[in-house]
Amino acid sequence: MSANKDEPKKPDTSLLPTPAAKPPATATKATTGTQPAKKEQEAPPFEKGLVEEIKKKFGESIKVVFIKPLRTKIMVEPKDIVAIATFLRDNMGFDHAESVAGTDYPKDGQIEVIYHLGSYTREDLAAHVLALTTRTNRDDALLPTLINVYKSVEYHERETFEMLGVYFEGHPRNDRFLLPEDWADIPPLRKDFRIKGR
Amino acid sequence: MASYPQNFRFGEFVGSLIWLIFWVLIIVALVGLPLIFIVLFYVPLPPVGDQVLTPYLFLTSILYPQSAIPVIKTLMGTDLFRVAMFPGFTYAALIAAVTIFIERKFLAKMQLRVGPLYAGKIEGILQLIADGLKLISKEIIVPSGADKLMFWAAPIAFVSTAAAVVALIPAAPGYVVADVDVGLLAVFAILGFFPLIALLFSWASNSKYPFIGGLRALHQMIAFEIPFILSALSVVILSGTLNLTGIVDSQLQSYWFIFFLPISAFVFYISSLAELERIPFDLPEAESEIVAGWLTETSGMIYGLLQLGSYVKTYALAALFVILFLGGWAGPMVFPAEIHTPIVNISPIYDQEAANGSLWFTLKTFGVIMLMLLPRGISPRIRMDILLHTGWYKLIVLAFINIFVALALIYGGILGPGGLLVR
Amino acid sequence: MADPVFIAVAVLTVGAAIIALEARELIYGAVALAVSMLGIAGFFLLLDAPFVAVFQIAVYVGAVAVLIIFTVMLVRTQALFTTKEDKKRKGAGIALMLIIMASFGALLLASGLNGQFGSFGDSATVDFTEIGELMLTYYAPALILMGLTLAGAVIAALALARREDVEQQHERAD
Amino acid sequence: MAGETAADFAPILYMLGFGLLASVPALILSRLVSPRRRYNPVKFLPMECGQMPTGEGRSHFMMQYYAYILMFVVFDVMSIFLYAWGTALFNIPRAATLPIIGFLGIMFAAMGYALYLAGRKGIW
Amino acid sequence: MKKELVSPTTFNVMVSKLSDVLVKALDAPLGYAINWGRIWSLWPVHLETACCSVEFGAASGPRYDVERFGIIEAFGSLRQCDLIVVQGTVTRKMAPRLRMVYDQMPEPKYVIAMGACAITGGLYIDSYNVLPGVDGIVPVDVYVPGCPPRPETLIQGCMLLQEKIKRSKIK
Amino acid sequence: MSELIDFLIVSIALVAIGIYGLVVKRNAIRMLFSIEIIANAANLTLVAFSRGLPNAQGQTFALFSIAIAAAEVAVGLGLIIVAYRLYREIDVAEFRSMRG
Amino acid sequence: MTSLEDKFEESKKLGLQIAKESEDDRLMTLSVGPQHPGSGHFRFIIKVDGDYIVYCDPDPGYVHRGEEKMCEYRNVIQNIPHLERPVIHDSNNITYSYSLAVEELVGIEVPRRAQYIRALASELNRQVYTLYWLAIYGIFLGHSTMFMWPTGDRELLIDLLEVLTGARVTHAYNIPGGVRNDMPDGFKERCLRQVRYLQKRFKEYEDIFYNMPLFRQRTEGVAVLSKEDAIKLGVTGSVVRASGIPYDIRKAEPYDIYNEIDFKVQYMKTGDCFARSYVPFLDMKESCHIIEQLLDKMPQSGEVRAKLQPNPKGPPGEAYRRVESGRGALGYYVVSDGTPKPYRVKISVGSFRNMLALPYLLVGQKMGDMPATYWSLNYWPVEADR
Amino acid sequence: MTSAGNFIKAIESGSKHLVIKRFTFRYPEQKLKFVGDGYQFDPKRGVGIAGYRGRHILFHDKCTGCQLCAIACEGIAEAIGMVKVDESWKHNKKAIMPQIDFGKCVFCGLCVDACPFYALFMTNDYELSAFTKEHLIYTPAQLAIKPKYQGDVEIVIDGRGATHG
C-alpha cells in the first residue's frame, strides 16, 4: 500500500513544469479565434494535413470518408486497425477514445464500428475528432480489440459487443454489461431487433 | 376513497376513548374497588409522617389533596421514586425525547428547513410520539440464520445498560439513584459494556453490513475509551474523589474545572461524541458505506429501543460532562425559599436547593447536548484510520498534558486541600 | 442480609463458569465467561472492595471479554464445532475436579480459618484510597515491575499477531 | 458490617431492572399489535442491497486494526491503574509521584513502539 | 339452577363476551393512535430506480422539506422503512431487486409509484428493457404522475397515502 | 451472614472447574477460559482474606493480578492467532500433531 | 514511475496474494447497490480485506432504457423529450448537443438570440446539475447540511429555469432550430438577483465544506488520478480538469457564441478527490460570470426559433457534436439516412467514460474512501446506462 | 492552526444559519406563483409563450379533431388517444377529441406545439396524484375544465436570506 501512496506524488513533481500549460491555454484561444466553426470552407488545410500524414504512412489501406472542419473520418480494414491506432496514438497525438459506436447496416450485411478519437495532449488538436472506422461482417462479427492501444475503449467495446454482437478479439471481458443477466434476445441495436409496437 | 369503510375522525377517537373509560370504570367499580378494600383492610400499612396510612386517609386524599402531601413526601424518599422518576429513568427518557425533538428542529433550522411541522399541529411536537407509535406497530424481522437469543436480548441490554449509567448520575443535591464511592469509575466500567453489546448484536444479525458496523463500533469505542478515561483522571486529581457528588462539591468550593482543564474538557467532549456514535464519528452507522451499520437488520421496536438507549446514553454523557467540568448543579439561586401555591400547600415537599439544582443541571445538560448536536450540522463523517489516529495519537497525548497540568495545580498549591483558589 | 444475595451470586458465578466451558458455541462461552467475571465482581462488592470490583468489570468485561469475543469471531471455522473430546477423558476430568474440591474443602474445614476470623462481623472496611497509597509507597517496585510486564505483554502480543511474511515482501518493495 | 458497599450498588441493579421493565413490555406490545406475515422466505434473508445474499455474513475482519484491540486491553488497564493513584494523591507524599512517573515512562515507551507497529501498513 | 348458572358453557360465553367487549373497547382507540402514528412517520426506503430520484431529492431539500410530514430522507436500511417510493423507470434488471426490496421490508408497507415510468412505462413504453409500470411487481397504493412529478405533486401523493392509511385496519 | 469460608468454597469450586477445563478441553480458547477462571478464583481469595484481615494489601495484589491476567490474555490470544494462522485450527492436539 | 496498469495489477496481486495465503476468509465480497445509500442506481461489487478494497467491478445497467434504440423509431423532434431523460437535471445540455448535431445534418442556421438563450439555459442548468452533485457528495460524506444547502439553493436556479422553460427539470427547451419559447418579461432582473445571491452563498459552502479540515482530510491525497492515467483512461470533464489538463469543450471547440464570452478554464493539478470535487465548484463560480456576460450581451429582441417544417430531415450523412455538460464532454453521433428518423444515435456521455476510472481508483483505497471516490468521478448512473 | 481557524469558521457559518430565515415553502398552505396561465403555443409565429407546463386544457370550441396532437404524442409517450364525444361542432365532423392519460404523459408540451388551431394548451395545475390508474385518464370533458389555481408565493431575497414570501 505504501508504494501506492508514494506513487501519485511522483507524477505530481513531474507535472510541476506545467505552469507552461498556462500559455497554451491562451494559445487555444488564439487558435479558436482563427478557426471559428464556419462551415463553408472546403477541405480545410489543417485537417487535410493530418490525413496526408496518415496516408503517407499507411498508403492505400486508408480510405478517407470525409474531411470536414474539425472532423475527419477514415475507414480502415480490420486487420490494420491496431497498427493504425497505435500510429495515431504515438505519432499523431490522438491519445484517447471518446466513444465507440457501432452501426448496423443490414443492407450491406456489415456492421460499422467507429472510434471517435480525441486529443488531450496536443493543443492544436483539442477541437478535432478523428473518426476511425472499420467494418466487419454482420454474421460473424469479429474485430481485433483496441484495448491495448486505448485503455479508454474498455467499457465502450464491452457495450458494443453487447448491443451489436461484435466480438472483440483479445478483449478481456466480452460479457454482459448493461443488459439484464437473463437477456436472451439478439443484440438490441441490430436493425432486425424490433421493439414493441413499432 | 369510498372503498375504505373505517372512519378516521378525531371525534370518533374521543368517543371510543370515552367508551373505554366507561368500561374501565364499570369494571373497577364492580371488581376492583371491593378487592382494593379487602386488601387494604387486611394488609398492615406503613405509617406516613405522623399518621398511619389507612384506606380512609387514602380516600380522603382525593377530596383533600393536602392530606396526600405526606404520602408523596414518603414516596419521594424511596428508592423507587429515584429509580423510576427523578434522576432515574423517566427523567432520562424525557430528556432523551426532548433531545430527539430538539435535534431535528435544530438541524432543520441550520439547514434552512422547518423540520417536523404537522404532527401535533404546533411545530410538530408530537412527531416523536408518532414515530414511537409507528415503531411499536411495526413488524420485527429476525433474519434467518440470526442468533435469536442475542438478537432479542441485545436491545434490551442496551437500554438497561444505558439506564444503569444514568443511575450513577446525580441530578441535584441528594438526588442520585446510586451514590457510590467509585462512581466515576463505575460509569466507565458500565460504558465498557456498549462495544460488547454492539459487537454481539452485529454478530447475531448474521449479515455483512451489520458485522462491519459492529467491528467499526468496537474499534471506535475502544480507540476513544482511553482518552475518555484519562481526561476524567485530571478531574479526579483536582477533586481527590471518585464520587460524582463529591466532584461537584469540590467544584462548588472552588471554581468550575473547565477553567483549569479546558484541554481535558475538549478531549472528554470529543471522545464522548465518539462514544455516542454521533457525527463526525458515526462510522458504525455510515449510510453511504455500510448501509446502516450495525443497525442494518434492526426493525420496528428493536430499532426504537436502540435509539432510545443511545439517546439516554447521550443524556448520561452530557450530564457527566456537566458534573465533571461545569460544576454540576451550581448556579445562582432563582427559586424563593418558600413557595405558596393556591389550593395545595406543597411546601413540605418543596426543596429549594433541589429545585434550583435540578433546574441548573437540566439547563446545563441541554447546553452540552446542543453542543453535541452542533457537529452534525457542520461536519462530514471521518474516516476509520483518521479516527484511530485521532484517538490513539492525539487525544491521549492531550489528555496526558492535562494530567500534568492538574498535577502542577495541585503541587503548586493552587488547588487541592488548602489551595489558593479554594473558597 | 448478604446471605441470599451471596448464594445468588455464587450460583451465577459458578454456573456461568461451567457454561463458559461447556457451551456448544464458543461465543456463548465467551459471554458466559464475561458473566462469570461479573459474578466475581459481585463478590468483590460483597467483600467491600468496590474499587477492585469496578476495576474487575472495566478490565474483564470492557477489555478482556471484547478481545476474547473478537478473537472467537476471528477464528470461527468449522473447527470450533468439532469438539474432539472423548468420554473417558471427560469422566476423568470430572473425577479430578471432584477430588480437588473435596480435598481442598476438607483442608479448609480443618484449617480452623473458620474460627479465627470467621465472620467479618464488625471489622472495619478498607478505604480504597489506601490501595493507591500502598501501591505508590510500599509496593512501588511492584508497580514498576507491573509496568514492565504490561509493556512486555503488549509488545509481545503485537509481535505475535502480525504477519511477518508480508512484512518482508513489503520491505523489499520499499 | 460486610456488604455495605454492595447495598450502595444495589440501586444500579434496580435501574437495570427498570430498564428491562421498560423495554421488555415495549417489545411484547410490539409483537401483539404489529402485523406479521411470514409466508415469504425472502423477507428473512439477510439484507444485501436488494441482492440475493452471497457468502457468509460473519466473515469480515478488520485485521488491520487488530493491533489496536490488543493495545486497548493493556492500556485500559494502565489508565484505570492511574485512578488508584489519582484518588490517593492527597494522602501520599510528593516523592511517591516518582514511581508513577516511572510507570508512565515505561508505558509511554511501550505505547510508542506499539503505535509504531500498529501504524505500519501491510503487516496486519 | 345453580349449576346451570356456572356451567362451563355459560362461563365460556361470559368470558368471550367480556373479551369481546375488551377488544372492542381497546381496538378503536388503539387503532386510531397507531394509524395516527403511521401517518406522521413514513420513512421512505432509499431506492433510486431512475431519474425521478432527482425530484425526490428536491422534495427532501429545504424548499419542500418532506420532513414536515414526518418523512425523513436518508434512512439507511430498508428494515426500518415503511414507504417505498418507486422513483421512476423500472428496468428488467432492476425489477427483481425492487421486488426483493419490497419483500424484505417489515410489514405495514406502502408503495408510491412516482413518475410516468413507474405508472405505465411512460416514455419508455416501447423500450425493450423497461417494464410497463410497477403494479405488476408490487402493489401500488398511490400514483403520482408527472415526468418527473413536481415535489408538490409528490407531497400531494403522500397526503393521499395518509388518507388511505387513516382508513385502513391496523393489522 | 456470609463468612470468609463461604468465599473460599466458591473460590475452590472455581479452581476445580478451571482445572477440569484445562484437563478436558482441547480447544485453545477454552483453555484460556479455564486459566481466566482460575485466576479469578485466586483474586477472590486474595480479596476475601484482605477483607478478613482488614487491610488493603490483598486488594492491591488483586489489582496487580487482574492487570497481569489481562496482559496474559492479550499474549495468549496473540499466540492463538498465530497458531490459527499457521494451522487453521485452534485445537491443541492438532497443533501437536501438525508440528514439524 | 508505475503506470496505471502496473498499479492495478499490483493491487490485484495484493488481493490475490492475501487470498492465496491461506487466509481467504479475510476477503469479503460486498455488493454496493442498487439499494444502498451510497450508490443510487448503480451497483459495484467490491472485495474488502479488512478496511481495504482489493477488487472492484462495476455492474451498471440498472437504468438501461434503450434510448439509442428508441431514437431510431422517432422523429428528430420527438426524440427531444426522451433524450433528455438520462440527465434530467442537466437536460438543457444533453439536448443542446443533439440540437447542434441535427442542425449540422439538416443545415439550419440558429438565430442569434436563440444562441444566447441556449447558452444561458445551458449555464444555468449546469449549475443546477453541479449543485445537485455537490449535495449528494455532501450526503455521501455524511454531511447532511451540505445536502440541504445545495438542494435548496439549486431551487433558485430551478425557479429561473421554470420561468424560462415551463418545467422544473425536464425542460425540452432546446430544439433543432433554436429554443421553444422566448424569455418572459423581467427575466433578466430575476436571474441576476438570484445568481448574485447564489454567489454569496458559495462563500458559505467553502466555509462549511471545502475548508472544513475533516473534509480535507478525507479527500486530499485520496484516489489520485495522475495526468497520464487521466489521458489514458480518457476521462472527461471535471475529472480530467482536476488532473491538470485544462480541457473544456467550451474553450477547445467553442460552439454557438462561446467564443465571444470571456472566461477561464478552471483546473487543478493534484488529481485527488479534493481536486475532483473542487473543480466543479470553481466551474460554478466561473459560470456565474458567464451568465452575467450572456445577459449583458444578449440581443434585446429577435427570433428565437428558425422556421422549419414539422419533421425536419436532411441529406444522408453523419455528425458528431459535443458540448461541455456538467459531467464533461457530451457528444452526439447522429447518422441520418435521409428520412425524418435518425438512422443511428449514439450518445457519448461523460459518466460512461468516467466510470472506467472507478475500479482503478478504488482498488487499494480504504472503505471510507469509497463514497468519496465514487461520487467525485462526477458519475451519474442513469446517464451512463442510457 | 489554520485548521482550527477553519473549524471555527465552519461553526460560525453553521450557527449563523440559526438566525437566517428559513427557505421552506409550505406547500399545502402556500402555492407557487407561475408566469402566465401555462404554456401556450402560437402556431403562426412558430414559438411558444412561456408558462408552466402542467395539465392540459382543451377548448372544445376550437378542436377540429385533426389528430395532429395524437400523432405528435405517438412518438413520445402515446398518451393521447382520440375518443368520441357526444357534442356536435361544425368544425369537428368526426366528433373526436383527445383524451390524455396522465399516467403516460411526460408534460413535454409537444402536442401543444403540434396543434394548429389554438385548441390545446397547458395550465398551471399539477395536483394530479390518484389512487388508481383510471383516475389519471382525463376525458375531453375533464380536460375542458379550467383549473382554479391560485398561487401567490414567490422567492424573496433580502438581507437575511431567501424565503418564500
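Quick notes
Letters are used for the chains, namely A, B, C, D, E, F, G and H, taken in the order the chains are written, and counting of residues starts over at 1 for each.
Basically, contacts are C-beta pairs under 8 Å (C-beta built on N, C-alpha and C of every residue); 3 or more make two chains touch, one makes a residue touch a chain.
Because the structure is predicted, anything quoted here is derived from the model rather than measured.
Without chain E, the other chains remain one piece by contact.
Two chain pairs, E-H and D-G, are weighed by contacting C-beta pairs, with E-H ahead. Ranking every chain by how far its Cα centroid lies from the centroid of chain H, the top place goes to F. Separating the CA-averaged centres of chain B and chain H is a span of 50 Å.
Centre-to-centre spacing of chain G and chain H amounts to 27 Å, using the average Cα coordinate of each chain. Distance between chain centres (mean CA atoms), chain F to chain H: 76 Å. Centre-to-centre separation between chain D and chain F, using Cα means, comes to 21 Å.
Residue positions of chain G with contacts to 2 or more other chains are 25, 28, 34-37, 51-52, 61, 64, 66, 69-70, 73, 81-82, 139, 144-145, 148-149, 152, 155, 170, 208, 212. The set of chain C residues that touch two or more partner chains comprises 2, 46-51, 55, 58-59, 62-64, 66-67, 70, 73-74, 77, 120-121, 125, 128, 130-131, 133, 135, 146, 150, 152-154, 157-159, 161, 163, 166, 170. Within chain F, residues 1-2, 51, 63, 66-67, 70-71, 73-74, 77-78, 81, 85, 88 each touch two or more of the remaining chains. Note for the complex: chain B touches chain G at residues 107, 110-113, 208-209, 212, 279-280, 282-283, 286-292, 376-386.
Taken together, the chain D residues at the contact with chain C in this complex read 1-9, 58, 61, 66-67, 69-78, 80-81, 84-89, 91-93, 96-100, 102-104, 106-107, 109-111, 113-114, 117-118, 120-124.
Per the touch definition, chain E reaches chain H in the complex via residues 62-65, 68, 116, 119-123, 125, 133, 135, 141-147, 149-157, 159-160, 164.
Contact residues of chain H toward chain E in the complex are 22-28, 31-32, 76-78, 101-108, 126-133, 135-136, 164. By the touch criterion stated above, chain C contacts chain B in their complex at residues 27, 31, 34, 50-51, 54-55, 57-58, 61-63, 65-66, 69-70, 73, 128.
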